[in-house]
C-alpha cells in the first residue's frame, strides 16, 4: 500500500510539495490542510485534492466561501502515515506537539529550528541518517543550495573553507503587494549570517561563513562564493566535482543566461510548473580558479529548490527507499530535474 | 489537409503563438523562424519545432550554436499557407514586401501600423470583415482589451463615450535586465495617447480618449475607465453586458485578487503556460455605476491576450471557419479560456 | 511677540514643518516632540531645536540615547500658542483630547478625519474660513493638489466636473526598507476612492470622482484628469487659469522633464531641502483641450506639498494675518516657491 | 591669483564638482561646458556659472533654448589653468587630445582607462605622486571606496588580502526613466571583476579580488568584504585603523541606519546638497573579526564619493598644496565631511 502523506500549509512551498507528492508513484497525497478560503485554496479544489480545515474558525470561513471540506486537521492526520508541515515560520513548532501526541511522523521546513526535530536534512549529504526517523527538518532554500554545492566540492576532496555573500530576494511574488523593500538594500544585522551555522546543522565539518543582504527583487536568490581549496586545482576538476550532483545545473553566461530573470524565463519556457527551478543554476563560464582559490556564483529558486528534498525526506523517514541515490533518481525523474526539464 | 502556418519571430508573442497553433486540431505549425541562437531558441528545438534561420548571418551563428536548422526563411514560406509575423516593431513592415511578393497571406502584430495591412482585427468585434482577406493586423494588447470591453458595452446599447487611463508595464520579464524604468513613472508624451485611435482602426464608431503612463513593474497592464452610458443603468446590466464576452473574466477583490501579482500567481497556479492570462480580468466588486457614469478597472496580460485573437485571425484569413462564434469557441477550448483554465 | 509653535511628530511631514516654521519671521518654533531616539531625531538636535519626549517611555529611551531633552509634551504645550500635530495616522486623534483640555489651538494633517476638527484647510480655497478658529486639518497631499488645480479652474468659471485617476507612491523613501510593494500595482479597493469626498470637505460644490492605485515607486504621486468644462474653451484660457495659482508650476515635457525622477532631480539641483517640491508640477505641453473636455497630468511631492499650507494654516488660526493672499505670498517667499526655488 | 578650473561635462559628477570648486577659497570655477540645453543645464545658469557650448551643434541648440553662452569649449580652455573632464565614458578619451595639444593640465574620471593619463589618483593613498603632474585620473566610486578602506588597514599593518562582493546600483536617479534593470539581478560577466585591478592601478601591492553584480536600486553601492589580516586581531584595532581615514564614517545598525535608503535620508536631513555622502559609511556594529579574518560591509554614494578626491587632485596637479593632509583637511572642511555634515 502506498504511504499516505498529509500536507499542512498550502502556501508557496506547500502547494508545490502537494503537486510533487501527487506526481510520485510510491506515495499518495492524503489531502491538504489550511486556514485560507480565498483564491489561493481554490486551486487545490480544482486539482481535486481533498481539502481540510486547520482550525474551527477556518472551517466556518472555508465553508462560507463554498470550499467543499473533507474534514479538519485531526481527520487528515487520522488517514495519513506522515505529515509534511509547510506552515509559516513558527507555526509548525506549535503543530509539532500534535504530531508527537498522535505519534505521526513529520517533516518541517527550514523556517523552523534544528532543535525542533533534532535532525536537519539535505538529500545528497545525509539521506542515510534520516532513514526511519520520526521527524526531520528540510533545511531552507539558501542552506540547501549551500549544501549541494559544498558537498560536491567536499566529496571531491577539494573543500577547505567557504566564504559566501548571499543576495536574498525580498519577498515572494504572490505576496509582493503586502510588503517588501523598495529601491534599497537591507543587510542582515549580523555578520556572520545564520546560513553558515544552519548548513553546519547538516554537516558539522563545514568551515563556512556567510554574509547576507535583502535585495529588491522577487525572483530568486543569488550567491557569490570564495572557496579556499585544499590544494591548487584547475577549473576542470572543479566543474567535474559540481557535475557529481544531479541537482546542480551548469549554465553559461554566453548562452544569454545573464541574470535572474532570463533564468526564470528559461524555466517557464521549459514548461515547468510556475517556472520552478529545482536545481542550483551555477555559472560555468563565470567560475574562476586562481591557485587554491575558487570563485563562483549561482542562482537559487527559493520557491522550488526544497521540493525534491522534501520528497526524498518522505522516502527516508518512511523507509520506503533505503538508497539515497535511488530516491534522488526517482524524485528527479518525476520532476524532470536535469532531464531538460520537460515533464 | 490542415493549413500549415509559419511563425516568424520567436519572441514573447511568437513563442506563445507557436504553442497555441500546435495545440489546434485544424491547423499545423510549419516551423518557426528567427535570428537568435541562445537559450531563447533552444526551447523551440526541445519542443520539436522545425527551426529556420531568418538571415544568412543568423544561419551561421545558429549552426555554430548547434541548432539543427530546417532551412531559411524562404524555405519556411515555401511550405506554409499563411505566415504569422511576430518580429519586433518595424521589422515586420519590411518582411511584408517578401510576403506580398510570394503571395502568401500574413498576419502582423499590433506594433505595426494599420496601413500596412489595411485591416485591424479583434475577434469579437470584426471577425467577419477579415474572412478570406490576404492580411490583417491583430491589434496590440492594450487595444485588444479596450475592444473586448467596449464592444461588450456597445452590443448592450450602453456605450456613449469612454475615457481611460492606462498604466503600462515598463518591459517584459525576460528583457528586464536590458532596460526598463526604476523608481519612477513615465507618462506618454502626448494626450490623447495612441490607443484610442488604434481602437478606432477596428471600430470607427467608438468615442474614446486614452492617456497612458509607463509604470515600474513587468507583470501586466492596468486600465482605469470612466464610461458615459447612453442612459442611467444599474450595475447588474453592466455586468451582464461584460459577461457576453467569453474573453473577459470577472474577478473579485474580496477573493484576495487585489493586485497584478496575485492575479499572475492565480494563473500560474492554474497551470497555464507562463501563467498566461488570455482573458481581461475585470474587477466585478470594484466596478461602480453612478447615474449614467460607469467606472471600472481591469488587468491585461500583455504577453498573452493577443494569442487567442491571432489564432482566430488565422481561421478568418484562411477561411477555414466562417463563424466568429465557432472560431472563438474552438480557440477558447484549446487554450482553456474561461473554462477554469485547466488545460 | 512672535507666536510660539509646537511641533508634535518629527517624521516625514513634521521635520519639514519644523524647518519651515523656523524660516518664518513672524512665528517661532517652540520645540519638537517625538518618541524616537535613533538617527531620525538626531538631526533635530543638530539643528538646535528644543527636543521634547512625547511619552515617559520615550523620555527614558531618548535620554539613554544621549538626546538632551527640554522636557516632556506637557512642557512643550505649556510654552506654545499653537500646536501642529504631524504624528502618524490615528495618533493625532488621541492627542486632540489633550489639546482641547489645555485650550491650545491645533492643526492636524490629512491622515485624520475632517470631523476631528470640523474644518479642513486649503490655502487658496478657504483661508478666510479658518481665521481665528481653534483648530483645522490641512488636507492630504493628494487632496491639496486637487484643490489647487480645481480651485483655479473654478475661479475661472471653467469647472463643470472632474474625473481623476491617481497613481500613489507606495511608501516614503525613508521607510522603503520596511514595507512597500514590489513589481505589482495595487488598486484601492473602492471606486470612487476617498480623495473626491475629501476634497469636498473643503469645497462642497465640487463635482469630483477619483480612482486610485498604489504604484511601485517612492518619489511622488502622479494624477491624470479628465475635466468637463462649463463650455468649449481653448488651451490658452486653461493655462491662464492654472497660472492664477502661485503654487502650480507649469513644466514642459519638451524641456526633458518627462518623468517623476527628472522632476525630483531638478528640485534637488535647485538646492531645495530634500529636493522638496511644494508646487504641483503640471505639464503644460501635454495638456489637451478637446471641445469642452480638458485632459492633463501633474506630479505631487507627497512629502512637501502640504508644508506651505500648514504655515498658512498657522497664520489663519492665530489670526496673525487676515489676508490669504498676503499669507501665501509670505510663505512662498520664505520657501522659494515659484521663485526659481533658490532659497 | 586663484587657479581657474574648467569643468567639461555637467552631468551627475560634473555638476557636483562645479559646486565643490565654487566652494573652495583657493581656486575658481572658470565655467562649465556641455552639449545639453534642457532642464539639466538650466541650473548652472541659475547658479550664475559661465556656460560654454562643447560643440557647434550644441551652440545652436543651447542658444535656441535661451541659454546665455560665454563661448565655446576652446574659449573656456583659453581662460582656465586646469580642466576637469566629467563627460560620459569614452568621450573624455577624445577630449584628451585637445587638452594635450593646448598643453592644459587635466583630470579625468574613473570611467576612463588608467593608460590615458598614466596615473590614477586616490587622495589618502597617493596624493604625493600626483604633485605637479600634467594629468591624472580620479578612480571610480567603487575603487575610491576600496582604496580608502584598504589603505587604512594597510597603514595599520593589518592587510593581507581582500575579497569583496560589490552590489552596484543599476543606474542613477536622474536617468532611471531611460534604462535600468527591473526585478532582477545582473552579475558582471567576469570574475574577477575590474575593480580589483583598478585599485591596483593606484596601489600595486594590494592582494585583492572582487566580484560584482548590478542590483535593482538607484541609491548607492553596497560592498561586502572578507579580509585576511596579517595576524589575529581584535575588533578595536580594526575600528581604530578605519578611524585614521577622515573619509570613512562609522555608522551603527543599532541607530536605525539599517539600509541604503535610511542612510540616504540621513544625509538629506543633514542638508547636504542632493543628500550627498562623500564618506564611505561603514557599519561598526556589524563588523566582525574572527581570528585573522575580518568581515564588514559599507555603503558608497556613487554620485558623491569622488567629489572630494577631485578637489584634492586639482590641488595636487596645480601644486597649490604640497601636503596631502592639508589638502584633504581643506576639502573636508569646505564640504562638511565628517564634521556632522552641516555646511
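For clarity, chains are labelled A, B, C and D in written order, and residue numbers in each chain start from 1.
By definition in this document, contacts are C-beta pairs under 8 Å (C-beta built on N, C-alpha and C of every residue); 3 or more make two chains touch, one makes a residue touch a chain.
No experiment lies behind these values; they were computed from the predicted model shown.
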Of all other chains, the one whose Cα centre sits farthest from chain B: D
Chain pair with the higher count of C-beta pairs in contact (B-D, A-B): A-B
Whole-Å gap separating chain A and chain B, where each centre is the average of the chain's CA atoms: 36
Whole-Å gap between the CA centroids of chain A and chain D: 42
Distance from the mean Cα position of chain D to that of chain B, given in whole angstrom: 47
Residue list for chain B, restricted to those that touch at least two other chains: 173, 176-177, 181-184, 186, 216-218, 258-259, 261-262
Complex interface listing, chain A residues touching chain B: 15, 38-40, 42-43, 46, 173-177, 182-183, 255-259, 261-262, 264-266, 268-271, 273-275, 340, 342
Complex contact set, residues of chain A against chain D: 163, 165, 167, 181, 183-187, 189-192, 209, 211, 213, 215-219, 222, 224, 226, 253, 258-262, 283, 286-288, 290, 293, 295-297
Residues of chain B that touch chain D when the two form their complex: 170-171, 173, 176-184, 186, 216-218
